[in-house]
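Next up, some structures in structure tokens.
Shared chain: chain A. Partners: chain B in the first complex, chain C in the second.
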Partner chain A sequence: MRRRNLEELFFKFLMVLATLIVGGSFFLIVGTIFYKGAPYMTFDMLTKIPGGGFYIGKEGGILNAIIGSMYVAGGATILGLIISIPVAIYINMYMDGQKFLANTLRMVFDVLFGIPSIVYGAFGFLIMVYFGLRASLLGGIIAVTLLVIPILVRTLDEVIRTVPLELRDAALSLGSTRWETAKVVLRAIRPGIITAILISFGRAIGDVAAVLFTAGFSDNIPTSLHEPAATLPLAIFFQLGSPIEEVQGRGYASALILTIVVLIITILSELLVKKFYKHKS
Partner chain B sequence: MTKDKAHISVQDLNVHIGGNHILKDINIDIPNKSVTSIIGPSGCGKTTLLKTFNRLHDTAADVKVTGKVLVDGEDIYDPNTEITHIRKKMGLLSQRPYPLPMSIYDNVAYGPRIHGIRKKQDLDIIVEKQLKATALWNEVKDRLNSSATRLSIGQQQRLCLARGLAVGPEIILGDESTSALDPVSTSIIEDLFVKLKQDYSIVLVTHILRQAARVSDYIIFVYNGRIVEYGKTEQVLRDPHEELTKEYVKGYIV
Partner chain C sequence: MLLFTVLSVSLVFIIGIGLYYKSIPVLQNSTWWHLLTSSVWKPLKGLFGFYPYIMGTLWVTGIAIIIALPLCVLTSLYIVEYAHSRVRRILMPFVNLLSGIPPVIFGVWGVLFIIPLIQDHIAPHFVEFSTGYSVLAGGIVLAVMIFPLIVSIINEVLRTMPQELKDASLALGATKWETVKKVILRKALPGIIAATVLAISRAFGETIAVLMVCGNNAVVPHSVFDAGYPLPALIANNYGDMMSIPLYDSALMFAALLLFIIILLFNIISRIILTRLERRISA
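Take a look at the complex of A and B:
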């Protein structure tokens, strides 16, 4: 009896320890960024583009990177959604007789999901070279779109599979065509689409490797798709690489901004999903 | 069409699903403007038989159907038959209500809309008529725009019936339509079936013999994929000709 109790205690201790390490890391990361970045977190950081000598410690902010990241992540998510929704619908609702092919496609998207983003960056870069494009907002959006498509397809695929088959049967029994039935399914998964959008946006805004060669970097806010665009992760990378203490501090402030953006997106998605599911049966 | 004239006529129907022979040599005429119940033990093929009537198997993989199903003399498995046209003729009421993810009004208006009725006045008339036909109007008339999922499950099932009727079907198919409902809702739905048979042909799958006795004019007893007995309700339940039927209905005491 004693031995069993000790065993119980020991494994409980291990579980609590592991949980503490994970939870602690989160607070340690956020705490470090906050501690190092907060002193440099000025209003200018959010509202100004880099002024002259920004990278040697003079005035300015990273509005260029904030806007650039929003453009890249937003553009890629919209573009990705336009491609992914038809794919997910097709796999689930038009390939009834081709289960093997459908599952093979799912596996392909799983593999694509696992490919490191630097590969998408390199591939995007090759496409750009082929079409004679220079590092630009458009190039960044294309590379990040490639990155988020597998995420979107697999998320939407899972969501569509939660819709009861009987709901489709109900729509079909009323004389709906497949496409009309698909529209009913799309209505039923609206909360899931929002989740997919936010997951994709969160992944897109934080990725550095895909935009490294493709989006370029600029101190200005891009006014067209063909201009290079700064992104937050790259801005952090450059700032932290600086030997000047103040610029490094701003790097942490930039990281804080990025973390807060991602945090807001995560909380927003939780809230939206709860709100939508309230109306579900 | 006159009463008792065959509305659905099944000829030499065989259904295989994934290599299993589910329905074997089915030959049957289902009469017009009556309630016909399909009874039998679980897994005997009752639901499969019902679903062959509106070709819902088309959405499933590896289903093979041979033979003919004639509705008003038209073979619904003929490759030239438009499937949406067949399904429009039949309303399906499934085991559990699955309201469409939209308002009460839009649930009923959905069918007429996809079949081309766009005018608000016309839709209003249809919605009111069908919600009255399913005894739901008084309960929901003040909240037609609220979500259909907020109704009780019994109300949802009546809404699903109204939604099916709004398309203007000739046949109502019920697949154990009361199995998820409480006794009060069950009795409302049963009364509706009895009332609706004046205008529609109704085919129900049920495993409740008392329900079959209460609502149906004819009973089909299916066992192991074959039709064992088919006749008037009274006769099948009280004086079955077949041994298998006797075994199955002996739990039913009048």
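Take a look at the complex of A and C:
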């Protein structure tokens, strides 16, 4: 009897320990980034592009990368939405009699979601070579769009499935076509669409392997789709690779900026999801 | 709508065919078997042996799973079976936040925290000298990255376990832990396997975070303190030179194809297990 209770106690202790490690790792990561990045945070980091000699520790900031990342992530999310909304609607509203096929399609998107961004990057690079494009904002947007399509489709799909069937039936029974019904459904899931946008944007802004080949890097803010664009994760990566302490420090500060941006986006989307589901049930 | 649906679904095939098409030159030069088992990497002579890179990937992924799986199973058991539901409501948002953190930040954390930890505190107990940049560092960083994925899947699986099953075991006089060990874990095994397979495929493809901490030395690692050079890191590090050396781009695309095939298979397997599980429970 004592042995059994001891075993119980021992494993309970292990479980609490594991929970603390898993839950604590988030604070450990964010804490480390804050601790190392905060001392190097300056206003210039956010508002200036790299000046001459920035990479040996002189004047400048990473505005180029911040704007570049916004362009890439924003462009990819918009392009992704244009493709994903029709797909999500098609799967949910036009495939009534084909449940098996619809579920297979869902699985395909799950699988696409699991494909690593480096493969999307390599594939995006192939497309660019095929069309004779050079590393540019456009190339980056294309590769990241491929990356976010599965995320957007699956998120929108989940959201559309929460719409009560009665709503669709009511619209249909009033004589509206399926497309008109789809518009009704789209209106009902507006907060869900915003959540999907946030999730996709958060993923797009933090990804590096997809833009590595495709977006290039530049110290200037791109003014057209064909210019190379710097991105925040790549800027962090490059600065960290420098042997100069000042530049490394700025890399930590850049990491802090990215962490804060992504955390805000994630928290917003979590809150929206919660609100959306509360509203539904 | 149909067009977009067909196009985006066929992306799987298009990626596969595109990468394969690009790998043909290197495959003509050598065989699959030779590419996978040779360790000679001399791009200038047209020799591409992926063995060290494949081993690097396996080491890092293996370490990550060995660290993450027990921790995640214990955490999920605690949250679902033992703890007050308040614990779950507090903990899960942080797990979700963790999953939102970009890979490059994990990499920075690895460089700032894990590397010094290994170099100064862990490695000296085992080996004479280590820079800290090792497959162990890559494994630890990856383990933390796959925490959210494993915890959330196992959580879902555990929450679908029928209450009657637990009650029956407890009524027979088993302690809570005995119930967990002999009933719940056994019943949840397919779900745990699916989660593991999915986590492996995530770990396989992770690029930048691993690249930053695991040393990138193209030899087969012999201990956890050796540096390794996983496949994704190989692709990411060499894209700059690949257009100037013949066959190099083809070899790197072959590496991407390899990743793609392995991850595709793993994903399909785990999704099928999970769908079956879902169906069995809802039935």
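A few notes on this one:
In the analysis below, the second predicted complex is superposed on the first by the 256 of 281 C-alpha atoms of A that agree within 3 Å, B and C clash if a C-alpha of one lies under 4 Å from a C-alpha of the other, contacts with A are read in each partner's own complex, and residues count from 1 in each chain.
Keep this in mind: a residue touches a chain if its C-beta (ideal position, glycine included) is under 8 Å from a C-beta of that chain, and two chains touch if they have at least 3 such contacts.
Just so it is clear, the structure is predicted and the values come from calculations on it, not from any experiment.
In the superposition on chain A, contact of A:I257 is made with neither chain B nor chain C. Using the contact criterion defined above for the overlaid structures, shared-chain residue A:I193 touches neither chain B nor chain C, since it reaches no partner.
By the touch criterion defined above, A:A76 lies against neither chain B nor chain C after alignment on the C-alpha atoms of chain A. Of the two partner chains, neither chain B nor chain C is touched by A:A215.
Taking chain A as the reference, the larger set of touched residues comes from C, when chain B and chain C are compared. Contacts of A:I49 after superposition: neither chain B nor chain C is touched. Contact with neither chain B nor chain C is seen for A:I141 once the two complexes are overlaid on the shared chain. On chain A, the patch touched by chain B and the patch touched by chain C do not overlap at any residue.
Contact residues on chain A toward chain C in their complex (touch as defined above): 4-5, 7-8, 11-12, 14-19, 21-23, 25-30, 32-33, 36, 83-84, 86-87, 89-91, 94, 103, 105, 107-112, 114-120, 122-123, 125-127, 146, 149, 153, 202, 205-209, 212-213, 233, 236-237, 240, 251-252, 255, 258-259, 262-263, 265-267, 270. For chain A in complex with chain B, the touching residues are 96-99, 164-177, 180, 184, 187-188, 190, 279-281. Partner chain A is touched in their complex by these residues of chain B: 54, 56, 59-62, 84-85, 87-88, 90-92, 94-96, 98-102, 110-111, 114-115, 147, 149-150, 156, 160, 163-164, 167. The touching residues of chain C, when paired with chain A in their complex, are 1-2, 4-5, 7-9, 11-12, 15, 18-19, 22, 70-72, 74-75, 77-79, 82-83, 87, 91, 93-98, 100-109, 111-113, 144, 147, 151, 175-178, 180, 198, 201-202, 204-208, 212, 232, 235-236, 239, 252-253, 256, 259-260, 263-264, 266-268, 271, 275.
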